[in-house]
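In order of appearance the chains are A, B, C and D, and numbering begins at 1 in each one.
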Amino acid sequence: MQVNEYKPLIVAFCCNWCSYAGADLAGNNRLSYPADVKIIRVPCSCRVNPMFILRAFQRGADGVIICGCHPGDCHYTSGNYYTRRRMAALFSMLDFLGIERERTRLEWVSAAEGAKFAATMNDFVETVTALGENKRLEDLRCKK
Amino acid sequence: MHNTEYLRDEIIRISGANPAKCMRCGKCSATCPAYDEMEYHPHQFVNMVECGDIEPLLNSESLYMCLSCFACIERCPRGVEPAKFVEAVRLTAIRQQGANRLTADNVPPIVDEDTPQQLLVSAFRKYTK
Amino acid sequence: MQRVGVFVCWCGSNIAGTVDVHAVAEALKNEPGVVFSTDYQYMCSQAGQDMIKAAVKEHNLTGIVVCSCSPRMHEATFRKTAAAAGLNPYMVEIANIREQCSWVHKDILTGTEKAIILGKAAVAKVNLNAPLTPGESPVTKRALVIGGGIAGIQTALDIADAGFEVDIVEKKPTIGGKMAQLDKTFPTLDCAACILTPKMVDVAQNEKIRIFSYSEVTDVKGFVGNFDVTIKKNARFVKEDICTGCGACVEKCPMKKIPNEFNLGMDNRTAIYIPFAQAVPKVATIDPNACNMLKKGKCGICAKVCTAGAIDYTQKDEYIEEKYGAIVVATGFNPISMDKFDEFAYSQSKDVITSLEFERLTNAAGPSAGKLLRPSDGKHPHTIVFVQCVGSRCEACAEKGKEYCSKICCMYTAKHAMLTRDKYPDTEVYVFYIDVRTPGKNFDEFYRRAVEEYGVKYIKGMVGKVTPEGDKLKVQASDLLSNKQLHIDADLVVLAAAIEPDKSARPLATMLTASMDTNDFFTEAHPKLRPVESPTAGVFLSGACQGPKDIPETVSQAGAAASKVIGLLAKDKLTGNPCVASSNELMCNGCSSCANVCPYGAITYADKEFRMPDRTTRIRRVAEVNPAVCQGCGACTVACPSGAMDLKGFANLQIMAEVDAICK
Amino acid sequence: MQKITRDVLIDKASALLSDGTVSCVLGWKKGEFDYDVTPAVFTTHDELIKDFVFSDFCGANFSKYLVSKTKNIEGRILVFLKPCDTYSFNQLLTEHRFDREKVYAVGIPCEGMADISKVRAISGEGIASIDTSGDKMLVTTLYDDEPVEIAPCDFLAERCINCKSKKHVAFDELIGEDGDVIDSNRFDEVARLESLTPDERFAFWQNELSRCIRCNACRDACPACTCEKCVFDNPASGIENKSPANEFEEKLFHIIRAYHVAGRCTDCGECSRVCPQNIPLHLLNRKFIKDMNDFYGEYQAGAEVGMRAPLVDYTTEDLEPGEVFDRRDTDA
């Protein structure tokens, strides 16, 4: 019998205008998702530097998800299009290095999609939980 | 019911065209040189395929009245390609057993010395499986 | 290190119900930099805010963390509180422990644990916050309107009415645009000239408005409030200030066979010309491609007959540089070319015309003096076929037509059909339509009148083919409702050609760094909530350059754009968002990656001199961000390989500190 | 064996020096051994005669040197560019990294350069001299009397076996004939790795990257890594890192480095050439190039000046990151 149930650590980068508002809406509607998800607010998904993602993995995150406005709806007109290219390239590279591709995700969540936000987070947490601890991109010095 | 849907999907698959793109402008029928010969006109073809109403088309003489001139394809503003549906239904019809529209025996009575060879070849291609 | 105060809000039971607020306040006391930590029922209340102000004074706080509801709710409130306490408002960070914690988690242990982590992240961030001051820039109190059609005219008049100076740049010799070419306007049928020309005169007489006709914008630099614009005034070879518009030169000019563009080539004009009687400015212009004097140096008749001495064959293009605070784009539309629609025989028969040509044919000032006569033989047409949606809603033939609905054609075709039946009851009028779209005040009633009172034959179906045969046009079409193919012998076929943005719009958009859609219509800053602004600050949209529009819509959008411009020009200074990008020039490579991704054109480059460690100097190209233009998205920060570019308020180190705090 | 000789290049350089077209020459200088050739600046004919060499070991891509060497010089600098170097040359011009007016570029043909580790693997240690005979290489070691003969297919560097182009995309003057862009198999190894399981890929890279000693040779030789200050040397970047303390940092450095040059890397292969640990670093860059070609259409960095790299561009119809994997899975 397992005493300590494994809880993944998920870092979510949410753009201020759509996805962060979507997360707020999930809250307003009391749509629950696991507390393992911790949100960092960024002005636009295009603010997310690959360095931040690697940093999160280094410090012990088990999954990183980036959420932005739907393509075409970016508050800054084109930021999420750059995000899409950058993340496609970066995620593909991480996969190339043998790091589980399910640990990274990019999702478009609008300010009206509270339900989608909660569902996405539930699904992502479930996926990462199934994978278990991040071993391939960890820094043992940062482990508790 | 099942057969209706199956037929519809088959026609769409064979034709490679999408009837949902049609905006009912009727330019295909307006432009069709064989209009008067046809029981079902090009725009009806598109609509009937979309509705899965394939049986009447399969049994209609219209299939063989289409000249395959592709004027409807050329002029359709939405890229629906009505002639491809006609073609797909015709293929479905003649592929049924014993449904060849033209056999070698049919040829001598309808041919004369001015008939170009190419016509016969393309007729066979079009009306025979 | 900051001296941070942490304020945990209960939000009544909204937070305190699922989060142990005391435990959160206690736990955060141990975070680096935290010198004070407390909780309170309602932080956003006056009492709560007073508590924060008092704590700032008492504990000499330099940073504030409020653990409360979403920053989208009360960040502004707490920033004001901080400012009132004498702190920089940007020294406040919010940990969202309501929407993203207490409201989505049910268990008090998990909720508290997460709230503490979110609080730690906010503390870690605020430790790296720096006071930010929004940049200020002055506003040049003058607006530029590009395009002198009804959109540009209305915008200019409204801005001038508010007391600001406006310049209109129009590439044609006169303002007026497409509306000047129209005959009557739907649905009221008042004559276009009767309502437009007084406005044109108003523009000419308004002291606040300058008209640069026969001119174009060639360069735009600067940013909102401070645009530097170069306007090229094309040489018209007539001194504008001297010419009285008497028309003596036009009368005597021997070059009389130049296709008249105002009448769409359906009649001729002279080499020196005034486009139409009510032109503004009413000044002659010499067409350099047609004038013998300019081409061969022979003639000079106009100079001889001009009593005012306004003719100047040596006039050169002139470049004018002017400063503006706001720019309104009103570049309008054109009907698309019909050359590629062979099935309608437009290029084969003179009697197949576009709707705009039909307008000229029925206009009293048109080539046939308002009599509806066939262009080929001048005979009265008895059967007229109108074809709708020619090139509109055309998805398959992108090289021929446009995917969108041109919006205005249904109504003007109803107008044409009705007027024809009204004036010439002996004509048979057919309208072939796919759908009749008449949403608009009194629009559908108008269309129904055409059918019910005037007997216009509306037929659901498209025309497939038009074949000129003898003096007839054989029209082959389908009638979808009666499932028949029709063959009509028509005398005149009128094509409702799709409309497209003017060709000058694309290069202009590049100059303005204003975005466009794939159809070359300008994109609005928000499709619903900011429909008359471009995403580029200080650039506004008026009329059909933003999408197909009829006259009432154009005029209302023109007014809306004007009110936005007035709102901008009424300010003495513009205050920006201080959370903008900035580049560390010591690390900048000058590689242009950042400028490539900037949606606002906020980044420029300058060659700067740097002192090197070996005491030599070196000139390097480095990026400079204009804080007045930057909107703070951060796209550039990731594109920058050297990390020279960073975003204030969301700096690399701040976000990484948050990551570290969350992952600790 | 190179078709073009040292003498031809010296004659060209001396002529351009004497007629004042250029004030100095960026060339290869012989080192202690025949194979350790280093880049150097020459200013006179005598210096050229004394030290200038041109051999199968002149692999160094000079484009990067122009960033520093064009500063503070009078007149122009002569640079010899092999076809692959010209791509880097253009890419650096695209990024405004040096002044084109300061450079006189002479394109020279290239028959492919040697990889000393391949040579050494055949000849053994203690190489005393290297000569050529026809297209073969004759290697004499301290321990053998007879020279070892090595064929080009055995000594050519990987990047030269999979040469992507013999065409010069930038030059002021060309010596010899220009070649063509080559349909190479350079992505085969990337494709092979992609076809492995994630576990196998992880093991592969774990093994390769764990050898990294963070000598920074890859970064220092890379013509795309010309940052005024590297993020890894900058305490304010948040990822300052001078030496890899553990597996994570080995990966971090190489992922970030590859990402930073993605879209700007011309695939010149300098990173792998200079790596003392023989880590196939070029595979990381090629992975990005291959992906971007697959996702956004063919793109060769440096093919023309002023091109916009895929990562600073977009279309509204781009693939989603998830679709990238779906597509690859269905292809496989």
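Throughout what follows, a residue touches a chain if its C-beta (ideal position, glycine included) is under 8 Å from a C-beta of that chain, and two chains touch if they have at least 3 such contacts.
Values in this document were obtained by computation on a predicted structure and should not be read as measured data.
With every chain reduced to the mean of its CA atoms, the largest distance from subunit D is reached by B.
Pairs C-D and A-C differ in how many C-beta pairs touch across them, and the larger number is found at A-C. Separating the CA-averaged centres of subunit A and subunit B is a span of 52 Å.
The distance from the centre of subunit B to the centre of subunit D, each centre being the mean of the chain's C-alpha atoms, comes to 60 Å. Computed from the mean C-alpha positions, the centre of subunit C lies at a distance of 47 Å from the centre of subunit D.
Inter-chain centre distance (subunit A to subunit C, centres taken as mean C-alpha positions): 35 Å. Across the assembly, subunit D contributes 231, 237-238, 311-313 as residues in contact with two or more other chains. Looking at subunit A, residues 50-51, 55, 78, 82, 86 sit in touch with two or more other chains.
Each chain pair that touches appears in this list: A-C, A-D, B-C, C-D.
Those residues of subunit C that touch subunit B in the complex are listed here as 343, 389, 393-397, 401, 434-435, 460-465, 476-480, 483, 485. Touching subunit C in their complex are the following residues of subunit A: 9, 11, 16, 20-21, 23-28, 30-33, 35, 38-44, 46-52, 55-56, 59-61, 75-79, 82, 86, 118, 142. Contacts from subunit C toward subunit D in the complex involve residues 586-593, 596-597, 605, 616, 618, 620-621, 639, 641-644, 652-653, 656.
Partner subunit D is touched in their complex by these residues of subunit A: 50-51, 54-55, 57-58, 71-72, 78, 81-82, 84-101, 104-106, 136-141.
In the complex of the two chains, the subunit D residues touching subunit C come out as 71-72, 94-97, 226-231, 234, 236-238, 260-261, 264, 308-309, 311-313.
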